[in-house]
Every structure is written in structure tokens, then in C-alpha cells.
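Here the structure is laid out as C-alpha cells; the discussion comes afterwards.
Order as written gives the chain letters A, B, C and D; numbering starts at 1 within each chain.
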């Protein structure tokens, strides 16, 4: 079939769980995925079926790829960081080593990498920090300065594994309750840090509210901002149109699918205020 | 609450699987059920939830109690013999020792035991033989002669464990394909055996077609016939009215619930021919 | 945290809590009494009763479906005389709140049933089932058309007299449920029961024939909950002052709360009792805990909350 | 065992096999092409297209439900011009059989869309979606009333000319689907598509508000399969000569066979493609194996088999 571009390297497979460990309030799970790993870039995600054939949960759950390792002892693998929250994520977190899950990936757009070395800031909230560590590594290899800022409601919810810190020039933590790092919302700390580090490109991943706040700051400083957004996804492969975010368009508003035109998008293009969108519909 | 009689000793519990073994094409599974065992009589059944909370299978499955042991190393236990057939029974057969299942029991009526010693014949088809072994033991202890006749489509489908044979005076096998015992349908062999053993009471359990054939023979010989019937059950406790069989009634036909007025019923009261029922509706 | 006032009202009658059984899913109550005291529930809604004893449909009468089931019982029952003689006294004696569900083949039969109930002590309401899909022809589903629905309700109202609240049970299998609801409310019902089962069918691919002897059956269970929530929401929006007994796929406290937020003044538990004999009691406790956790002091403040601002 | 003739016909058009995608569940095809060759399917039914580009509804647009989901997309799409310019050529070039689904806000719009399609080479049929529940007011669901349904079909027929089969897609949310089906058949459709989604709602018990931005949404997935089977069975019984494209909760070969036995001449795969990108292909293979196993040599012998004696 000619010129098929969408979901270009996606495949569906039964992936074996090769490790599943608690990491604070998260589970860090590793899957053997063979050649899929080679096609996975920071920002891509996978979609996993939940609970077997007789399940009443019929939709896949999307998870950002925390890290993809092309060649290891077990062949290619990908790692996910999962917050056990509802039925789907709890089921996944309770998988044992040796279990298989039905997985589709890699999906979605990845973070764009600057062609010249630049000062970058990576901002993550909650499990949103997951894809940023692999990104940091890529950026560092390109010669970029990488400053990482991670926020959460409380200290224990910050996901920042030791080995992830290797690639960053600085790591700043913020917590809403002051239990670690700077006291307050992540967005309050950022303007000062941007000035301090001379940030030229922002990458962000986390709750939509946080991304919106970061987008506003990026706009004020007039620096480029790539963010990985989230929206309820039914299919993950572009066929259902549930996962859209509104972006600016000559005609007013255009809804784009974040599973194929995202999750990584240009923060300055997104219409963050729901009210602005409703006015246009 | 006064005078509540229905489901009198039924209880709902989380029962632990303490053994699960293949037995030919069946699984023989033992559950720790505590005091429930003491109230279980041959003919009673249990109803088990399938596949956890997120399952799309919302109804319990009914299983005849193969044996109940009041006091054992693990306290009271019940044993089931299960044919892995569809999603529910396959799920159950794949439980591991230590798993818990949600179980309601004991349910339904049990086999009536003659007050004097009598010549009894126990006729079972497929997994229908399961409740007959415990019944044989009770009858033997009452001083009854117990002749057992087990039939199936083929030899491997006959469930007749060694220890089950202890209580019977004779055991006759029939198979549709002649691979064991008498060649042919179970009902063909019975008249001769009744004459030979001087049978006074027949107990039967198995597919409805077999029960109907046995009922006809019992009628011809004018001997009493208790059969354990099966019908699709939604609740197992008498509240839904799905599990009915038609019995003779002055007004024509009466539908009775086999989960509380059965599964053990008087074979001579049942209207076996569906056509006869439709004429009356 | 102060104690929750968990009581609710349908017409003139007050119930201790809003968790009821659904008609046809608790028979006449006794079967469940082994599992928990029935007085723990707001009310037992009895299986729809007809004037005469009725055999119902042949078997198979049920088929499991994804997150649901079909039933085709065909209103099997002992008839009103035996029901009043045997089933009601046991419930009344045991101080169980009872809502009696009635069903007829003709408008007159509903009138006859209503007259038989008028003198019966100890019942709290009558639920008029005009929406059973398990009847020989769909023309008998009175809730399919405003005219026939109104005719039944008027016959019941004329014959029942007194204070007994009348609740009309409606079918979701209609083009415009709000129109049907409005018409029976205009005809004087005190409450609505939403929803009865959806008409469905399963074909057994082994036999290649419909699985149910009656071919079609009523679809119930979690599968239909979104349809129930929608129907309750629409009707409550149009008729905010009419109490609704909500039902359809409720199997835990969260589900019950969903129906309450949509506009239900009470929630009936149907199919969930088949999976779990103590479902109704358990749902009552979960709902109470959820409401308390959200800071409600009075159950009635939660009714229809999804329609209002936060 | 001889080879199975797996082909089927809708009006004058022949399809290699009876497994199609459902409108709105395969976008315009390209997205699925990574997972299997689209030429393996009987046809791709494209997402309902309107005259102008359309933004659709705000998010959240979906909610998972037991064995199902709600969607409220609101017919987002690029409009007929961009669709004919970009999407159709790719499909035609790749030799994919295409059925174009159209939707309008007014009867005239359907006519305009039909006229735009009349000159387009390479499409095999037009599916007229008169049953989308995700529109601002239910009055727009033309399939709710015979008169409005017929008006749309007549506008399409007048404008489309030629041989292109017209399929009307109906809603199950009506009192009498056979009446609606009969009226559009009398108005000249060549086939029917049954069923569109059921109107439903989910309330988020955390926020205590409807979960979807559009409040209500369309219920799809295995949960609704019994309703689909019932609708197909009823309509096939009344109109045995009209081909039906069946859909609703089909997720494996057994499910597809169930719809075929009920009376479907083709089966569209919707929500199942969300759980499994290769669902349609896998279902096609399973259905073929099941039919062969049951001794069918010609797929068409199985259509509506549940209505006949064994």
C-alpha cells in the first residue's frame, strides 16, 4: 500500500513483563518488545489492553515510554512508569514477571530535537516526568544544556530515579506542600529558572493545567515550547477522534488528534482555555 | 425475621482453592468452605462468581457438590468436578491453589433418602455422575443396595474415581461409541439392569435428554425416580425465575424453579416434552 | 461529620433509605431474607403481579451477554389472589416496606389490580409496569405510546383511591421518553420508575437459532447503565419535581450515586442481586459512605446534583 | 470441504467479503493501513462527512462503560471538498473498496452531498447517516421519524443519480425500527445499516457532572450487541429482501456470525478496532473459518439463517 505515513512504525504484539518494581507511589515495569524498541523515541507512547478477553474494560490504556533499550540481554525492551490509579493501571501494576500483555506501539509524535546545541529546560509533573529522562539523554548527547524541573503535590509523588539524573545539568524539585524542594506550584518557580539558565527551549509533560501554565510562561519569554499533552483516548491510532485538543487555525479552532499529531505538540499552537474553544464551536 | 425457609443454610463466602487436579477431561477442585460443608447434602449445588470485578461475565455458574467433608485438615471442604467448556468453567479450572473464589452455597434440594433399605440404582451422564458418589455413600450407610450406571459419549468422559466405587454394589459403564462398557446410550442398558438388580428407586443426574429417557423407563417399571435437573440459571437463589422446569399441575403446567424446588425433583412430575409445554402456554 | 439523613420520599410516602429491589429481581422477598434482613432496605419492589396465575414463557429464559443478560420470564406469577394471601402477609408481618408492581394485558386488568390493592394494609406504593418487553406482542407495551400509557394510569388512579402513591415504570425503547413521562405525570402519577429492560436478542451460533425460547428478551445489567443514566437525566431535567426510582445496571455504590446525581430519588437493584445476593445491602452502605465522604448531610441534596452548578 | 464463496452484495455492488469497517471507527482508512492491507476487507466505510469542515464537540469526548463506551465526536471532519480531494484518491489509488458515509444538518445538505458524490469514480455505495446522536438537538436525528427519514432519502436519491447503492443508517433509539426501515425502503434505499449507537450518559462521580463535554454520547461496543441482533432480526423478518449492513459490538468471528444469522448481509466493525487495530481482519478470518466449519459453501446461505428451520 503506497504512501502510508500514519502510525508508521507501530506494531501490535504480546509483550512479556520482564521486571515490575515499586518506585515510590509508581510501578516501574519493563517489557520485552524486540524490534519495537529501536523505533521508539522520547515522547512516543504505547497502548495496552487490560484484563484479558472476558474483561468489561474494552479500551486500551496509553502510557508514555519512559525508556526504550534497543539491545539488552532480553533483546529490545521498553520501560513504563505507572501510577496505580483506576482499574486499568492497577491491573497492569499487578502483572508478574513472565506475564504477557497485548501492546501496540510505538505511537504518536516524539519530542523534536534542536539541530544546534541549545539550553533546554525539561518540566515534568507527576508521572509526566517519565518520558523526560530519555529525552534528557538524547539532548545531552546533542550537546545541549539540560535543566530539569519536576513538580508534584508532595515529595513522594516525584518520580526522579537516580540513573535519570545523570544526563541533567541541574535538577530542581517543587512540591505543592513544601515537603521537598521549592514550596509551591511548579509554574511559580519557572520564570526565575529560565532567567538563571538562559533557557532557549522548553519541553514539558504533565497535567494539562501545568502545561497551560508553562505555555503562558513560554509565551511571555517568547521561547519555544514542546509539550506532551493528554486527553481521553479510545483508540490511540487515529481512527476514533476522541483524543483531540484545540489548536489555533485561520478559521478559528481546529481539533487535532493527539494520538497521531501528538502527544508532543507546539505549546504555542494549543488553545488552552476551554472557554475560548466553546465560543468557537 | 420469622419463618424464612428458602435458601435456609445458604451463605456467601470467599472460598480458598486447596486443590485443583486434572481428572481425565475434568478438573477436580477442592475448596475450603468451613461450616458450609456441614450443611451440604448430596444433590446440593454451589454458585460461583467468575473472573473478578472487572469481568464482563456477570452471572454465577452453578456446580453440583461432588463431595462435602465436614472436618478435615483444612476444616470443612467441598469438592467439585468441572468440565472446562466455556469461559466460566475454563476460568475456574485455571485457578491455582491459594486463590479465592466468591461462592454461595449450599443451594437447592438434596436427594431424598429412603427410610427403609431399598435397592437403588444411580444413573449418571458426563459430569452428572459427580453428586452420585456422595449419594452412594449415604445410601450404603443406610443399608441400601447401590447399583451405579455411568454413561458418556466416550470412555474418557466417564467420571468414576476409584474411591467413588467403594460404596457401590455394581458399576456398569456405557459409551455411545463403545470405547468402554456397554456400547450404546445409557437408557438402552437400564431396563435389563433394573430387572437384574430388582431396583426399587432410581436416582439420576446428567443431560436433560438422558433424564427424560430414564423417567420414561421408571414410569414403565412404575418405580420412583429422583433426578437432578439442569436449566440455565441466572441467580441460583430463587429470585429471577429463569431456571424453571414444567411440572404437571391440575391447571395444566406449572413452572417451578429448580434452584430452590430442585435441582432434585420427582421425575414423574416433570413434563419432559417441550411440545406438551408449549401447547399449554 | 454529622450523620446522613438517608431518607427519601415517593409521593406521600417516606422510606428510610433510597435503596430498593427492582421488580422481578427479588421475587417476593423471602428468597433474599436468608442473606440479610430485608428491613435494611428502603423497600422491596415485588415481581409484577397479574390478575390470574401465569405460567410465563418456556425455557431457556436467559442468556448472558457482555456485562449484561437477557431474560424472558413472561411475567410468571401466582396471580393477585395468591399473592395477597401468601406473599404480602409475610412481608407485612416482618415489617418490610413493600411496593407492589402490577402488570396487565388490558387497561381493564390494571384497573382490577388497582381495586384489589386499595384495601390492602401495609403497602407503600404501587408500581405500574407498563413496559415489560416479554409479552407476546409489542403492542402490549403500553409505555410505547402516550395514549395507551395514560389510559392505564387513569384506570389505576380511578380504582386505587386514597393516598397510595402511583409510580409508572417506563421503557427506554421509545423515541422520546420525556414525552411518555410527561403524559403519565399529567395523568397523575406520583413517581416514575426508569428504566425497564431494553429489547434484545442473542443467537446461539451452535444451534444457529435464537437462544431464548421466547426469541427476544429484556437486556439488563451494567451494559445498560449509560442508557438508564441518560433517561433519568433527561426526564429529571424536564420534570424536576417528580420523584424517579432509578434502575439499570447498578452494581455498587458508585453506580447508585451516578443515578442519584442524574436525578433518581431512589435506586432499585436488579441484576446485581443475581451476581451477589447481598448486593442491595452492600450498595446501600457504599452509597451512604460516598455521600458522607462528599459532605452531604441530606440524601435529598444529592438528587439531580449533576444538573446544578458545583 | 469446498472453498467458501465469501462475497456479498449491497444493491448492484458486489464485495469480496462481508467484513466492513463502521463509519467513524476507521477514520478514512489510512490510519489502519499500517496494521493490515485494507484490500483484505470487503469495504472501508468512511467517517460521516458533511458539506463544510466541522470542529465537532469539545473534550472529553469519550467515556468507557461496562463492555462499551460513549463517544461524542459531533461529526468532526474536513468537509466534503477536502475529503474528496485528499482522502478518496488515496483509497481509490490503493484499490480499497469504499462506502462513503454522509451526514447533513438539513435535508438540503444531504442533497448537496449526494450531488457532489455522483461524479466521483471508485466508490461503491453511499451510507446515509440519519441517526447520529451527537448533534445539538435530537430533532436533527432524522431516523427518529419516518417522515424526516424519507425526506432525506428522497433528497439523496434525486441528487445522486446512476447506479450507486444507497444505504440508510438507522438508530435503535426509536419505538418501532421496523416502521422506520419500511419507510426508507419504500423511498428507495438499496440497503440498511443497523445499528447506530444508543444515546447514553455517564456521570463522573468525582466531579458530579456528566463526564462528556457534550453531556450525552453514543453507546457502542459489546454491551449493545443484543440490541443490534434484535434490530437486525426484526428488520430482516419484515423486509427479507433488503440487504442489511449489521453492526454493534462485534469483536470476534462468533459475534459476526450472530449478526449474519440474524439477517446481516455484511458486518461492520466499529469499537472493536479501538481495542485491536487488526480486529476487522481477524474477524473476517474467524467468520470464514466458522462458516466453513458449519458446512456453508456460500456466505449468502447463512444470511438470516436463524429465521429458517434447521
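A few comments on the model shown:
Note that a residue touches a chain if its C-beta (ideal position, glycine included) is under 8 Å from a C-beta of that chain, and two chains touch if they have at least 3 such contacts.
Because the structure is a prediction, the values reported are computed rather than measured.
Counted as hops between touching chains, the shortest connection from subunit A to subunit C is 1. Shared contacts of subunit C and subunit D, meaning chains that touch the two of them, come down to A, B. In terms of C-beta pairs in contact, the better-connected of the chain pairs A-D and B-D is A-D.
When you average the Cα atoms of each chain and compare centres, the chain farthest from subunit C turns out to be A.
Inter-chain spacing, taken between the CA centroids of subunit A and subunit B, is 56 Å. For the pair subunit B and subunit C, the distance between C-alpha centroids works out to 35 Å.
Each chain gets one centre point, the mean of its Cα atoms, and the points for subunit B and subunit D are 47 Å apart.
In subunit B, 56-57 are the positions where the chain touches two or more neighbouring chains simultaneously.
Residue positions of subunit D with contacts to 2 or more other chains are 63, 66-68, 221-222.
Taken chain by chain, the contacts link every pair, so each chain touches all the others. Across the complex, subunit A meets subunit B through its residues 50-57, 87, 91.
For subunit A in complex with subunit D, the residues that touch the partner chain are 1-8, 10, 12, 49, 56-60, 102, 104, 231-246, 251-255, 260, 274, 277-278, 280-281. Within the complex formed with subunit A, the residues of subunit C that make contact are 66-67, 222. On subunit A, the positions that touch subunit C within their shared complex are 56. For subunit C in complex with subunit D, the touching residues are 63, 65-68, 70, 138, 144-145, 173-176, 198-203, 205, 207-210, 215-217, 219, 221-227, 229-230, 233, 249, 254, 257-258, 261-262, 290, 294, 305-306, 310.
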